[in-house]
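A single structure is presented below for examination.
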Amino acid sequence: MTSRSKRISLSEAAEIIKDGSLLTFSGFTIWRRPCALVYELIRQKRRHLHLIEVNSGPHSEFLIGAGCVDVWESCWIGHELYGKYGANLARRVRQKEIIYEDYSHAEMAFRFQAAAAGMPFMATQTSLGTDIHNPDYDMLGRAGLRNGKNPKIPRKKYHIVDDPFFGDGRQVLVPAAKVDVAVLAVQQVGDEGTVRIAGQFFTDPEVARAADITIVIAEEIVPEEYLRHESHLNKIPSFQVDYIVECPWCAHPTGMFRFYDVDGEFLRNFYTQTRSQEGFNEFAKEWIFGLNHDGYLNKLGVPRLARLKANTVLNYSTRVERGRK
Amino acid sequence: MKDRTQLAQPGEYTLGDLMTVAAAREVRDNEVVFAGTGMPMIAIMLAQRTHAPRLKLIFEAGTLDGRPKELPTSVGDPRCEVGASVASGLYEAFSIAQRGYVDLGFLGGAEVDEYGNVNTTAIGDYLNPLLRLTGSGGNPDINSFAKRTVYIMVHEKRRFPKNVSYITSPGWRVKNWPTGEWVHRRELYGAAFRGGPSAVISTAGVFRFDEETGRMYLDTYHPGMSPEKIREMCEFDLDISRVSGETVPPTYEEIHLIHHVLDPDEIFLAKPRKE
Amino acid sequence: MTSRSKRISLSEAAEIIKDGSLLTFSGFTIWRRPCALVYELIRQKRRHLHLIEVNSGPHSEFLIGAGCVDVWESCWIGHELYGKYGANLARRVRQKEIIYEDYSHAEMAFRFQAAAAGMPFMATQTSLGTDIHNPDYDMLGRAGLRNGKNPKIPRKKYHIVDDPFFGDGRQVLVPAAKVDVAVLAVQQVGDEGTVRIAGQFFTDPEVARAADITIVIAEEIVPEEYLRHESHLNKIPSFQVDYIVECPWCAHPTGMFRFYDVDGEFLRNFYTQTRSQEGFNEFAKEWIFGLNHDGYLNKLGVPRLARLKANTVLNYSTRVERGRK
Amino acid sequence: MKDRTQLAQPGEYTLGDLMTVAAAREVRDNEVVFAGTGMPMIAIMLAQRTHAPRLKLIFEAGTLDGRPKELPTSVGDPRCEVGASVASGLYEAFSIAQRGYVDLGFLGGAEVDEYGNVNTTAIGDYLNPLLRLTGSGGNPDINSFAKRTVYIMVHEKRRFPKNVSYITSPGWRVKNWPTGEWVHRRELYGAAFRGGPSAVISTAGVFRFDEETGRMYLDTYHPGMSPEKIREMCEFDLDISRVSGETVPPTYEEIHLIHHVLDPDEIFLAKPRKE
């Protein structure tokens, strides 16, 4: 017997994310980002989002460029080989149009792990002595957002203690990364919500459990029974997933292990074009507004997507051009 | 036919080749190596195919002891996963690093100071930056947890300042918050102290650190450079008293591996004009 | 190219564990316990062991009955359905021949997770208000063992703090469970040390990483290459495993998912027989001393082991008798 | 042929059947249930096959949303894993519980006091015990993290004492360490307060708790028992003012499921003599 159906459409999924939400995503830099949903959020003109991410990438550059984001809290943003840094974040930082909060990558991973385990913090010794811990650079604090009004925003950026057990010295307590909604882009989800992730799973299991609402967008919705025959291959249990969406190529232009590679040309063009707000607006006009996901795929065209398609033995594309030439 | 173990002549290799090979030589066999994207990847894959076949490679995104066949374009790339012992996630990779398994980290940076503090976050005042960069990524984490860290950098005078705009990744002398007074890394890290930056490989030379004073010194200068010239290329007073000589160029074998096996598509490294 | 061989024999593995070691194991209650190695430790007359375990079971009852153990630090000991509690521990507790230290199960899991992540502690809100936190019941403290002399024994049993981030109230910091040696019993290990675990993996990945030395005893040593074709199925990376031993039926009388079931009759007899020290001595004389692992298997006999053998589709035995009759 | 929905008559079911069915009725559909070994397992599997087909079952050893075909003999049993959504480990199971996903826990105990504090650790002085038991296992964890916890216990006067020898698992009034003064559970747990023991199902009756006073009261008494008789079977002064009646016996369908589908081999429950 199955649960009440969790299946919804892409636009219904975007509607679940309210203005002002604390939002996070699956994936890693330019891999397995739920871009199809991000485009839909931009079409729906979502505002005042607080992104809190283990690391960031093109999906957040889209949202930031479109003016959907008030707070960006993470450790990294860029396009890897295809764009040196996040030009839209950089522009809005320079123009003081966004609050940015920097942690280290391990700190962000531990923050999500803490939230996923229902712990208020975890202890780490990374990044001691760096400006990441500079108390003047607590940007949420400077903005007055650590007043306890939003119960998910910690009242301090860090809390330093000494190890009481082994004399191991200074420990940095990093607060749990509590989020309202997590959106994941994965290969397969069962019709009751069980998630199977192929390849590196990044921080997806933690991210799903750190959120109050978890939306999973998958290349395929498959029979739950099939996934349950090999439960050790699954990464997120049914009851942690609230909504599921079937959407092929949901991560484009980022890549999806076993399904398709990163569209480097798309990212390089985006990075180059959107270093100005005018450039971003043109990009959005061309690739986001006035299109739905099917229109977007049609615009990309079959030959381009065929080049990105992963070799099923190697799990990555052997046809995509990756070199500089 | 050329003897592949022989050293190449100027013009037969690029500066990128020289740096990659210098980086690869920092790896010892059997070590656990944690690598970032780009030139570090080629350096490690080169070491894996030459003098360090048993090195264990960790990528931040979750691949443990991978044996990539093709060059990954980033650490999240499916190409990382090929031949791996375990495909896991970031929490696992960083936990393993924090637990003390990592011998060597391989990283990049935009600025480095005399004590090996590296900036990848913002240029200018952090609160009012001239240029916002990518942010830390795993740079401070890998460097905090590894026994040794090697940096690969472009050498410009402004990139070797007296003080970096923002300390993203800790050097040998760091700031003791909340006061911000400078202290030796060993004092701050306590039981977690395992080492620090061991080399900077720039486009000008190879630099090392005196672990007690924490100061950078020039070890080798690249062909065409001189210690004095390099000192002029730093805003701080570079110690050139311990120079050991010129950076050893790549062998023909190494050039072959870089351009015909590891990066034939010139993803990170352009081919030398005459080859 | 492969590493210097990690393969050793069962008796060599036992020799690695020195008198006085902090020792832990794979598995869960009566499943996947490295009993073959435990028997060998008893034969080699290992003494003064400090067992620190997420939970305990028959393997520790063997060691405790044989007088190998000075300290037992865990949360549970018994034989599940086949023996109400650990009669050997109970006897030695009553006779003040052993130091016992009680935590809760989640606390032990978090303690190992902390050690595995190189953190000195984790925070939890479990078991607040129970006698587990009664300061009079800090038994290592009462025994004077929290003096910092052994750097792996924490100086406090607990440390209580208030959550500085979210106002979530009282938090119990539990110290990392640092261990000298972990011994795992698993289905498969590669010749370079990669571990694949079938079914529930319990706390094996944490336990392996919490230890300074990790010994893996497997039903089969298999070609590393085979395991590396599907790296997402593997649980412990090559470089965390120091020694490997091939030993079929290494967990008997405990069970091994996909290989064999628990030998309930053996456990019930053990529990009944060893409620007195004389009974234990007779058991040890019959089943441990004067036998090696082959002799032990021969004594069990083929028909008995054939009944325990798991059905390869169901992963458990359909022939074993489990009922009361 | 009997109507399977009808209630069975005394003699047609065992006390074990009665308790199992009473326990199963505590489960609501769609709940996440965290269960220990033994009778709790049968109760949950019974609920899964009757009124709560969509309950999600978590076993401590790492099985998430399992749908066992055969009765597991312990939570580490491969029989738990059949049909599961995810097979993982203890850290995952306890993290999920601590994160607040668990609606209902199902546990056992050796002693219980008036406030629902349960002992599974030692009888007598902890420092000098008459009998050392198994220890806590996950009892305090499941009970600390779940919104409701149901205990299944043998009823003897000494097992319902004024104070348990050792508080293994927290009731509605618990000890505030380091002083050990008694406080309401709500005070101590702060944000982690989600509820507490909601029922004790003993061999004599079904007991519930007043959440404000934290005191246990008798809800139903098993056939053959009376409220007064049960009050005599407690060392504390049991509140019998809120009794709602006799415990409802199992239906023929439930008896059939217990003995012919769930536990045909009498692993945990013996069959009734006349059936």
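Chains: A, B, C and D, in written order; residue numbering restarts at 1 for each.
Simple rule for what comes next: a residue touches a chain if its C-beta (ideal position, glycine included) is under 8 Å from a C-beta of that chain, and two chains touch if they have at least 3 such contacts.
Keep in mind that what you see is a predicted model, and the values were worked out from it rather than measured.
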| item | value |
| --- | --- |
| Chain pair, A-B or B-C, that carries the greater number of C-beta contacts | A-B |
| Inter-chain centre distance, subunit B versus subunit C - centres from mean C-alpha coordinates, in Å | 41 |
| Mean-CA-position distance for subunit B and subunit A (Å) | 28 |
| Length of the line joining the C-alpha centres of subunit B and subunit D, rounded to whole Å | 58 |
| Two or more partner chains touched - positions in subunit A | 110, 117-119, 124-125, 163, 166-168, 199, 201, 232 |
| Set of subunit B residues in contact with two or more other chains | 63, 81, 87, 91, 94, 97-98, 145, 192 |
| Category of the chain touch graph - line, ring, star, complete, other | other |
| Chain-to-chain touches, reported pairwise for every pair that qualifies | A-B, A-C, A-D, B-C, C-D |
| Residues of subunit C touching subunit A in the complex | 110, 117-125, 148, 151, 154-156, 159, 161, 163-168, 171, 173, 175-176, 178, 198-199, 201, 232-233 |
| Complex contact set, residues of subunit A against subunit B | 27-32, 54-55, 74-78, 80-81, 84-86, 89-90, 93-94, 100, 102-107, 109-110, 112-113, 124-137, 160, 163, 166-170, 199-206, 255, 257-258, 261-262, 264, 310, 314-316, 321-325 |
| Residues of subunit C defined as touching subunit B within the complex | 1-3, 115-119, 190, 192-194, 209, 227-228, 231-232, 234-240 |
| Subunit C contact footprint on subunit B (complex, rising order) | 30, 32, 53-54, 56, 63-67, 81, 83-87, 91, 94-101, 145, 192 |
| Footprint of subunit A on subunit B - complex, ascending | 37-38, 60-63, 70, 73-82, 87-91, 94, 97-98, 117, 121-122, 126-127, 129-141, 144-145, 166-170, 174-178, 180, 183, 185, 188-192, 265-268, 270 |
